[in-house]
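The two complexes that follow have chain A in common; it is paired with chain B in the first and with chain C in the second.
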Partner chain A sequence: MIRIEPRQSSSRLMTLGIPVLSAFVALALAALPLAFAGANVTTAYQEMFKGVFGSTFAFTEMLTRATPLIFTGLAAALAFRAKLWNIGAEGQLYLGAMAAVAIGAGAIDAPSFVLIPLIVLFGCAAGAVGMAVPTVLKSRFGADEVVTTLLLNFVILIFLQMMLEGPLKDPMGLGWPQSPPILDQGMLPPLMDRMRVHSGLIIALVCAGVAQFMLARSVWGFKLRAVGENAAAAKHAGIRVNRSLMSVAIVSGALAGMAGVSEVAGLKGYLTADLSPGFGYTGIVVAMLAGLSPVGVVMSAVFIASVFVGADSMSRAMGVSSYLADLVVSMSLLCVLIGGFFARYRIALVKTPKGEQA
Partner chain B sequence: MNGLTKRFGSVVANNAVDLTLHRGEVLALLGENGAGKTTLMNMLFGHYMPDEGTVDVADDAGALHPLMLGHPQAALAAGIGMVHQHFTLAENLNALDNIVLGSEPLRMLKRDRVGARAKIARIMEHTGLQAQLDVPVGKMSVGERQRVEILKALYRDVRILVLDEPTAVLTPQEADTLFDSIVAMTREGLSVIFISHKLREVLAFSHRIAVLRHGEKVGEIATDEADERVIARMMVGADTPETPRSELPPGAPVLQLKNLSVAGRSKRDSLEDVTLTVHQHEILGIAGVSGNGQSALAGVISGLNQPTGGTLTVDETAIANPTPRKMIHAGVGRIPEDRHHDGIVGAMSVAENMVIERLDEPGVQANGLLKRDAIRANADRLAADYDVRGPGVTARARLLSGGNIQKLILARVFEQNPKLILANQPTRGLDMGAAAEVARRLLEARTRGAGIVLISEDLDEVLSLADRIMVIHDGALIEANSRDREHIGLMMAGELT
Partner chain C sequence: MDILQILLSESFWAASLRIATPLIFGVLGALLCEKTGVLNLGIEGIFAAGAMAGWMAVWLGAGLWGGVLVAALAGAFFGLIHAILTVPLGLSQHVSGLGVTMFATSVSYFTYRTALPNVSSPPRIEPFQPLDVPLLSDLPFLGPVLFQQTALTWLAILMVGLVWYVLNRTPLGVALQAVGDNPDSVDAQGLSVYGLRIGAVVAGSALMALGGAFLTMSAFDAFFFGMVNGRGWVCIALVIFASWKPGKALLGALLFGAFDALQVRLQTEVGALLPGQVFLMAPYILSIIALVVAARKADYPRALLTPWFKGQR
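Take a look at the complex of A and B:
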């Protein structure tokens, strides 16, 4: 007979080791469909590795891809720590991007040191509003934020399309549904010559560091953790739960909005309706892989960006589909979830004594 | 039961326990919390697989057969029935369905309800256990639910009945009736093991008493030869210190409720027109059967519930819309009923839980940042003063035992020198040592000048601690003019006003 028993304690090695192990297991499992597609597995993985670490360009491309994932990962991680299920980072990202082009594409002409902070401020504010609304609905009327934030993504996406066909449409854009470009002095400066990696990455890393510090060391972080771990006890202890939730909603939404700002003002320059290939949703995976730790978010964002960029490059070299990247990412999430189960429980074999009858 | 041993990891829950139960006997199983009583019974019933040891059960003829362990079905087939502390009834089904549930084969097309009803009627007649068979269990009182649970076990023709703390939710009168029925059943040859904390009922109704301590059987005694002191010494391994109490004249009022009402979702969490006053140097005991408005009363005093009428005054200051925050600032210390659910954040450290109620204070934070050294030093000091034992103050609070969690909460509350203390079921589930510590701290606060509201379902606790007693029934509070347990019991049942 097999029995599942809770473990007495989870070791530190386990909490750190399981995400790493899960990542490797997922990569190993991805060898099956690779082989099935007729590719040489070793070569494929070599190509994948080269696609990330093979050149400075490859490496910076990976970092460029990781930047929005750090923002959306942080947005999910902080909200989830308070058990506020923000599934709407995708929509908040677009709100941030829209605010960025509304401010930065000619509405205000100012030098960089004024314009860039303004763009960031408005982008973050727009994202924050995007998360504040469902949080008010939750605390006032008990509306489930999983549903409201998820559905708002589609509302915002349709709103975006309307704006790109209307007020935000570029008159010089030859009829394409895209916004006018952000002024040169409004763009986040690049980090290296001829590379796409930009200073949004620095902002992302600073955000992660600050989030880690605030979570562990500040009264705000204390309250957030208390509300997330046991809202009833937090309330009993005099912590204003709704206020705490609202503050984390604003920070989470602002981080997601910042992802949009960083993409549009750091990378693309103008806004289209396909700015994000689901960064908002991938951010949830990033946060889960990171065990909701802000510093962990940086590492898991780098891992997931590597898988995506590496798989792109592998698919070009080998002629297999780059959807393999999605497969690896989703399998690593599954592995982490299963691994998390084994960190908390163990399987015990129970011998049934023979020869005893009732 | 021979040499039963059960380990959970490195913890030995039961160590080589031998236990014999005779036909027609009532055996009381006593022990502090965590002594291993429930684990032992769960092994008997097949929920747990023992690591060592065997169980033999007699058949109708009296011959002993080994019982296959780890299989509830085998235990059922051998005639062992168990009534758990927490009821396992389906609330939407009526009593008859609940009783029959599980003992009729699923593939039977037509159900023999007439036969079942007749059989239950026979059992009810024999034992005096009465229940309304056609009423959904959800609409029944706890006492009636308990009877349904027992009928359910008896319906399966059990010869050994295990009752885990059967009287925890009953009035003294209901408990007495239950035990009368049990005595009647044993005359028919039923054997009963019951687990209890209440020495009084153990002495009144059992034939034999077995005491467990730290997973081992430390004593067995015929009830005729036992008294409370002997049993208490066996349970804790030493005499329990009597809590000294001095006569103190009550001082100024610290809490006044005037015509206070709370409209809850159901009768059990509502209050109706409650008026009470608690003075300094005074413990007001609130006795009552669980679910009569205690949680609404505690909710208002802790700031979790909003009154719908009346006034609440703490220390001469009226508090309009109470919140936990306002109550804490007004000098109210709260010991919640469910200490795991409302008292601590289990995933956070012991040290963090000790300061969770005073995050605004300069001793804990500066400019929004936590003073980690100060929090740590505070925790080290409180853990020493209040004897909070566990893996350390930086460990998660949920790793502490129930008694130590309560000590953590006591430390947090008493350290603020509250003017008013709300203690809601402060010793529920605690062992005698921890319970004595709670009583000592409450009396100490009383001497210092605090007013205390003690809500408890344990009448003995109220009688021993309270200066004044009120009884709560159906959301209304009545002053008890007598300290007679019979009298208060009738008030708890709502039969005296």
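Take a look at the complex of A and C:
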């Protein structure tokens, strides 16, 4: 008979090894769809590798792609630690981006050292409001935040289209639904000449470091983890659960909003309705692959960004659909889930006692 | 034309029922999963998989009902993945569901793109036609509203009755409900908790996929990326609104359909006063409001979201 037994403790090797293994299993599984599409599998993997590590430009493109994923990954990781299911990072990202262009595209004319902090502040605040609302609905009315954040993503996206055809529309945009550009002094400075990688990456890394420290060492982080592990016990111990949830909701929403700020004020310069190819949802995969650890988020964001950039370049070279990247990303989420099972439980073969033959 | 005139028109009610049809399938499927204790957030992706698989089967020459069958099987397949991850392995139902949504969506999109790499406009199929029931279709008002719908709409309504009957009038239904409330008691009676839950999730997912199939085989005649557009998430909200009752689920889906049909008509009436997006937003906001209103009163299956392991109390 087969029995599932919880492990006494999961080793450090497993907590680190399983996500890495899952990521590579998912990458290896990509061979199936590649073969299905009739591509030469070895060449395809070579093209993917070249697409990320083949040149300085390719590598910086990967880092550019990783930047918003670090933000949305952190947003999901912190919220999920408190068992607050923020699936609304996609919408919060757009709220942040809208605030960034509302402030930065000419409404305020100020030097960089004033304008950039203002853009960041308003972008984060907009994202935070986006997550505070469903959190209030959860704690006041018991409305499941999974459903409300998911539905709000659609509301916000439609609101964005309304803004881009209305108050945020660029009068010089030849009728396209896009915002006016952010002022030059409002743009996050690039990190390298002639490359698109920008200082949003530095902000993302700092955020990851701060989040790691706060989660592990601060009272705030302790409360957050206690609420996530057992809300009833945390309440019993005198932690104000709703207040703790609201604080993590604000931080999580602000981080997602920052992803929008970083994309619009670091990379694109102006806002369109296709700013994010699902960075909010991919952030969930990033967070899960990182085992909800903020430092891990940086590593898994780099992995996921490599998959996207590598698969894009491969699909251009070989004509395989670039949806392959989404396929690998979704498979890595399922793989890391299954891997997490083996980290927590072991499957034991229990000898059936005699006389009780099956 | 004012609102009253809209509400009294045949075309409005016919449209309401048409819009409600995929939601009826989806709500029933989600309800069946959740009744046994498993939240299935794979729904959004399973809709996409049903829409793509059903359409593609017909496009390859399988016939319309063949397409419906293929869609249901595709839904059952992705449901099985969710069931294995959440029932015997007891993994997070939230994360597994989202993973299944991403997986099913990307499999569908990748398959579609690989089969049709260079199409500018999506190829069309000959979709289900409205049933023309002799005599009944000619009834005033009821004729156009009820008897000129396609066969899939009728199948959806039939399914409401079937799910209600199975859940409330059969021993299987008693076991299914019990497994969502108190799995230990079901286990004590020698029934398989795993079997009941996996079966319900697979069957529920097949129902969800029919909702997707309706989109490509009845409402439209082609497959588009992003055509599911949050319908799955709306269903999850409607299940709570319906307090896990099939009859109320039908009512919820119809109300939603009526509201959606109304907003389209209001948009053409008073479109000059408000931007069109206000109307597009309304159905999603309505779902959130319905959820907020119903959340506290809802009769949650007590073991919802709680994994159960054999031999562990």
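Following the convention adopted for this analysis, the second predicted complex is superposed on the first by the 348 of 358 C-alpha atoms of A that agree within 3 Å, B and C clash if a C-alpha of one lies under 4 Å from a C-alpha of the other, contacts with A are read in each partner's own complex, and residues count from 1 in each chain.
The rule is short, and it goes like this: contacts are C-beta pairs under 8 Å (C-beta built on N, C-alpha and C of every residue); 3 or more make two chains touch, one makes a residue touch a chain.
The structure presented is a predicted model; accordingly, all values stated were derived computationally and were not measured.
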item	value
Chain B versus chain C as contact partner of A:220, first or second or both or neither	first
First (chain B), second (chain C), both or neither touched by A:155	second
Touched partner set for A:341, first chain B, second chain C, both or neither	second
Chain B versus chain C as contact partner of A:232, first or second or both or neither	first
Comparing the two partners chain B and chain C, which touches a greater set of residues in chain A	C
Partner chain(s) touched by A:240 [first = chain B, second = chain C, both, neither]	first
Which of chain B and chain C A:165 touches, first, second, both or neither	second
Contacts of A:284 with chain B and chain C, given as first, second, both or neither	second
Parts of chain B lying in touch with chain A, wherever the complex brings them together	8-10, 49, 65-71, 73-75, 77-78, 302-304, 323-325, 327-328, 334, 336, 341-348, 352, 356-357, 359, 364-365, 368-370, 372
In the complex with chain B, residue positions of chain A that touch it	1, 8, 217-220, 222-223, 225-226, 229-230, 232-240, 350, 352-353, 356-358
Touch list for chain A against partner chain C, complex	3-4, 33, 36-37, 85, 87, 137, 141-144, 146-148, 150-155, 158-159, 161-162, 165-166, 281, 284-285, 288, 319-321, 323-324, 326-327, 329-331, 333-334, 337-338, 340-341
Of chain C, residues touching chain A in the complex	41, 81, 85, 88-92, 94-96, 98-100, 102-103, 105-107, 109-110, 113-114, 117, 229-230, 233-234, 236-237, 240, 275, 277-278, 280-281, 284-285, 287-288, 291-292, 295-296, 309-311
